[in-house]
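Think of it as A, B, C and D in the order they're written, each chain with its own count starting at 1.
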Amino acid sequence: MTDLMRRWSMAAIGRDKLKLETVGIPQPGQGEIRVKVSAASLNYRDKLVIETGMGLPLPDPFIPVSDMAGVVDAIGTSVTRFKPGDRVMSTFKPDWIDAGDNGNARTPAYKTLGGAYQGVLADYVVFPESWFVASPRSLDDAEASTLPVAGLTAWFSLIELGKLKAGSTVLVQGTGGVALFGLQIAKAHGANVIVTSRSDEKLERAKALGADHGINSSNEDWVEAIYRITGDEGAHHILEITGGPNLGQSIHAVAVHGRISVIGVFEGFEIAGPAAPLLLKSPIIQGISVGHRRAFEDFVRAIDSTELKPVIDKRYPLEDLHSALEHLYRGAFGKIVIDLN
Amino acid sequence: MTDLMRRWSMAAIGRDKLKLETVGIPQPGQGEIRVKVSAASLNYRDKLVIETGMGLPLPDPFIPVSDMAGVVDAIGTSVTRFKPGDRVMSTFKPDWIDAGDNGNARTPAYKTLGGAYQGVLADYVVFPESWFVASPRSLDDAEASTLPVAGLTAWFSLIELGKLKAGSTVLVQGTGGVALFGLQIAKAHGANVIVTSRSDEKLERAKALGADHGINSSNEDWVEAIYRITGDEGAHHILEITGGPNLGQSIHAVAVHGRISVIGVFEGFEIAGPAAPLLLKSPIIQGISVGHRRAFEDFVRAIDSTELKPVIDKRYPLEDLHSALEHLYRGAFGKIVIDLN
Amino acid sequence: MTDLMRRWSMAAIGRDKLKLETVGIPQPGQGEIRVKVSAASLNYRDKLVIETGMGLPLPDPFIPVSDMAGVVDAIGTSVTRFKPGDRVMSTFKPDWIDAGDNGNARTPAYKTLGGAYQGVLADYVVFPESWFVASPRSLDDAEASTLPVAGLTAWFSLIELGKLKAGSTVLVQGTGGVALFGLQIAKAHGANVIVTSRSDEKLERAKALGADHGINSSNEDWVEAIYRITGDEGAHHILEITGGPNLGQSIHAVAVHGRISVIGVFEGFEIAGPAAPLLLKSPIIQGISVGHRRAFEDFVRAIDSTELKPVIDKRYPLEDLHSALEHLYRGAFGKIVIDLN
Amino acid sequence: MTDLMRRWSMAAIGRDKLKLETVGIPQPGQGEIRVKVSAASLNYRDKLVIETGMGLPLPDPFIPVSDMAGVVDAIGTSVTRFKPGDRVMSTFKPDWIDAGDNGNARTPAYKTLGGAYQGVLADYVVFPESWFVASPRSLDDAEASTLPVAGLTAWFSLIELGKLKAGSTVLVQGTGGVALFGLQIAKAHGANVIVTSRSDEKLERAKALGADHGINSSNEDWVEAIYRITGDEGAHHILEITGGPNLGQSIHAVAVHGRISVIGVFEGFEIAGPAAPLLLKSPIIQGISVGHRRAFEDFVRAIDSTELKPVIDKRYPLEDLHSALEHLYRGAFGKIVIDLN
């Protein structure tokens, strides 16, 4: 090992502030581990943080991106959960271990990697050992790097909270990272899956992944299409990824006593919808804040016992971060990965 | 018993179409029971049905009002659940017996008494025996008549769905029927209760009923008041009775992983709110459609084992329906009852 | 259609009292439907009822067997759920529609087909329409006839109550009807499945159906085998089919906060087990009473959206009931079906 | 403060090995706090540990007793949850923070204070800050010391797991610490409470605390008494404190779909019961391992919002430990407290 490593960092907000630099490799302190990063994965939120800061108290300088997988390289004193050579992934909200989240009504918890906590776009990261989860045996590190936000968000919505069962109908909106994980996780539990997209080509690729039905929302009213496909029963679980006023459509499309997991904000930070079907059908609408570490560990176990392979649209070398971000802005089919090896 | 009875009916939509008439007493058929109505109770929805029809396929002529309590007077063949002399209450959605509701995504179930089914503002009603529930021993019929909609809505929200426990903070908006039941049910389970109102006098009356805190929402920002009272923890369960954009305030006021039961539509049939705290706090938002018969039976058992007495603001004789409706429009403190004895 | 039909009936308890007779075809009354029985399926309980009566108030004469599938042939007045030509299956506890079961602490509900209610081993049956559920499109009638008891028991345990998720470890004891449904349902939800048997040949057949691990409980301590296979984690859900003191072994084998569904009584009607691991691991132990109609409908939907095909060990013509019963006594690999077509 | 403190310790198993000694006051290290113990509370398990060691790897020398309340006196570095002067209570299983417990099927978690971890019968204790919970404002330290095991066990059974609601019937067996907390917690949630005891005098005292019914189990079959009192409905939740074969009686007494929390082992470490009512009524039977820290914090909040005051049978000075233990062996009405101030 040399004593130097690469990392992307920014001293101020704005994509033009990103710079690739070479710095010393950090040492782990008490309770910390150092991880050689094999791969990082991008989320739409990374774009928002890089470009706007999202009002977060970012470290200075700030290393962007929250999701990584790699190999434990060195451990500090008092470390008991991992040893050098272990394959690990980061967790997005590392203080959230189990059922009860932190924070309060006025100030909800939002201390995340690549946010109020430092990010991972570096050859090495040093964090407390409790911030990591063992990687699935059945995935390589590039695949594993896609799980901490996109994978866990879909798992937490459908399984931890939604208790999905075979025979239920799940609607996923679009073909981004969360949507495709939702599709795959739902199929692994025997559900019927409907995907919406504005692209027939993406719908075909989604069907190749197991989707039972595709709706091109450019061509038809997707709520009516849900009624048609389900014989008016509606979708038992909707991953509301579009956001904003689209929630109103989801309230029309959801089954009686169904569930809408609110995940995305692509079309706005203000939700809206009709009260009448909300009252009469009594669905649960729940915002999703990724998920806790214990559910992540369940998810890893599930990946190893099913055939689920994350969908990586494209892999970029570390130097090509800007190309990767441009791909992210255009919209990926599944996940975009940054290779660091 | 004479062969004639009084009833209010309407041959067309509009409050001016209401007429008090004398008709023959109906006979129960197979599986039906006839109940001598002792008392009926008004809900805000009755106003909407009388004045607008709410787009419902009302019987013609239509007898308004959904909630009643009385005494079984005659039974048809094959009746097994009740016998003459039994004290009973109506159920609002009589086809909803237990967990799973009827209807589908396109056409949710909304066959209710005083709606698609006939109402109860008559000396006698005849309905299937499955549409009734035994009245609590600890209440008289006027009190019992207030339970089927307002009481059960609060119970279903807080207990059947909300699994309320002692020490939780419950916010009820206003001092109408559902709100005061919510206050009383929450106190019977050891919760802290906060009430909002625009009237200091009503807040004092709510405190006399057990409310721990009152917020005059004319004088201060009620969300900030919730933060102040709870030390920023927020309210674990909010009965969102105001409706419309007020949901946005409730999303700000709710605790992390709390619950908002959407009940009322006083301020509009379009809900709206901010996505950021919805995602970060991950509360459950659920529309409430009163509740099923099995939960109603649980609620009756709870009334008999606690000291809960429904709050009746005023009782009117059957002839004074118009005075009762005007009281309803002004806003009651608790419930308004029509006496038929 | 002729006016006569075949049926097995018994005027007294005892297998030697069974007789195949020809009687008139019954007519459906109000709310009833008549179903042409295509296939019936045997459960171990049928043996107990035929041989001992199980203390039940059986109809006289008594037609044995509870599970069937067939085609609606005629409907009585007021029937709305089915029409002639519909494919239907019986329900085992027809009065149990949804969450809350009937009966009380002293006298639990046990009015079942082939018990306190008449059975189905006849060319035609007439029952209330509410006693039937639509058959899955993806199964033929012989397959469908295996669902009402064995299939639903496994589904109700693992999914309705157990909320099984991918990655969990499920233990099924043996290779009878409930066990193999448990195996298949668990695999359809992405679980790891371990099967115990005293036969290596049956374990191989179970693996061919998807089981991840087989334990020959004649050759080794199956609890230690569970520890070995799971790395001491234990089984998250155990279908306790053996019964009696075997529960004690299951308490040792179950994971922390796991679940044991008590289903079978092959080794006795008295359960027993150690308190210490019960206290320390805090598993849920729950007796299973088949399941309600709403869960059955969910299960049918799941069958149609997965590849689940019931395992039929052998099919016998109606005349060969005694051969079928002898097969049942020996122990079947999956289900035994009686063909009536 | 002097530099010396008193403590009870034992260098070997056996009540005769207990000695009261004077030792130096320990200093808190990183992440630890030192608490001046005001009061400790005895549990039946303390007797078992002192007399038999329960097979646990006890520290040497061993300070017995697990439950205490006191005041933070000094803090180590990196401590953030507490400051000097804060009133705190110990937790019994300090590594169990939230939903998921530690340990596995073979070796369940049982690292507790007064067991594998050191106990609290000393003027000062030093433990990690995460092992403590803030005391309720409404209780003094003697009262607070009774909560960590007996109080939390009852709360965890009835509320965290049992989701108790008003109108339910709860059976508590006996009038020991867990039983009386169960009685009080159940009443605080509006339940009907039935208490069994072999003493009419204790039943009267239980009724004075709010019990609705008392059954003298020396005089009558307590299962029949439950049937009589509940009109055959049975008890919805039973705190099975007696243990051993008494579980069989509880299975007879429990309501359909009720819950039996297995807590005590007074009559043996082997549970047993009949399978038939277990299958037909489908109750949940769950062993209880006290509870996690998050539920303890909920319980504290509940105490402060209700009128619940722990029942202390008698308080003993530290020197009179042997008198207190003798009282414990005889059986207390509620809790026994050791005063250290």
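The definition used in the following text is that contacts are C-beta pairs under 8 Å (C-beta built on N, C-alpha and C of every residue); 3 or more make two chains touch, one makes a residue touch a chain.
Owing to the predicted nature of the structure, the values given are computational and were not obtained by experimental measurement.
A.B. asks: How short can a chain-to-chain path be from chain B to chain D, counted in steps between touching chains?
C.D. replies: The least step count works out to 1.
A.B. asks: Decide which interface, B-C or A-C, involves more C-beta pairs in contact, and give its chain pair.
C.D. replies: Pair with the higher count of C-beta contacts: A-C.
A.B. asks: Could you put a whole-Å number on the gap between the CA centroids of chain B and chain C?
C.D. replies: 42
A.B. asks: Would you give the residues of chain C that are in contact with at least 2 other chains, written as numbers and ranges?
C.D. replies: If we look for residues of chain C contacting two or more partner chains, we find 100.
A.B. asks: Linking chains that touch, what shape results: line, ring, star, complete or other?
C.D. replies: Contact pattern: complete, every chain touching every other.
A.B. asks: Report the residues of chain A in contact with chain B in the complex, numbered from low to high.
C.D. replies: 100-110, 226-227, 230, 232-235, 243-244, 252-258, 262-263, 265, 268-289
A.B. asks: Of all residues in chain B, which touch chain C in the complex?
C.D. replies: Those residues of chain B that touch chain C are 97-100, 294.
A.B. asks: Sort out for me which residues of chain A touch chain C in the complex.
C.D. replies: Against chain C, the touching part of chain A is residues 159, 163, 165-168, 185, 188-192, 212, 298-306.
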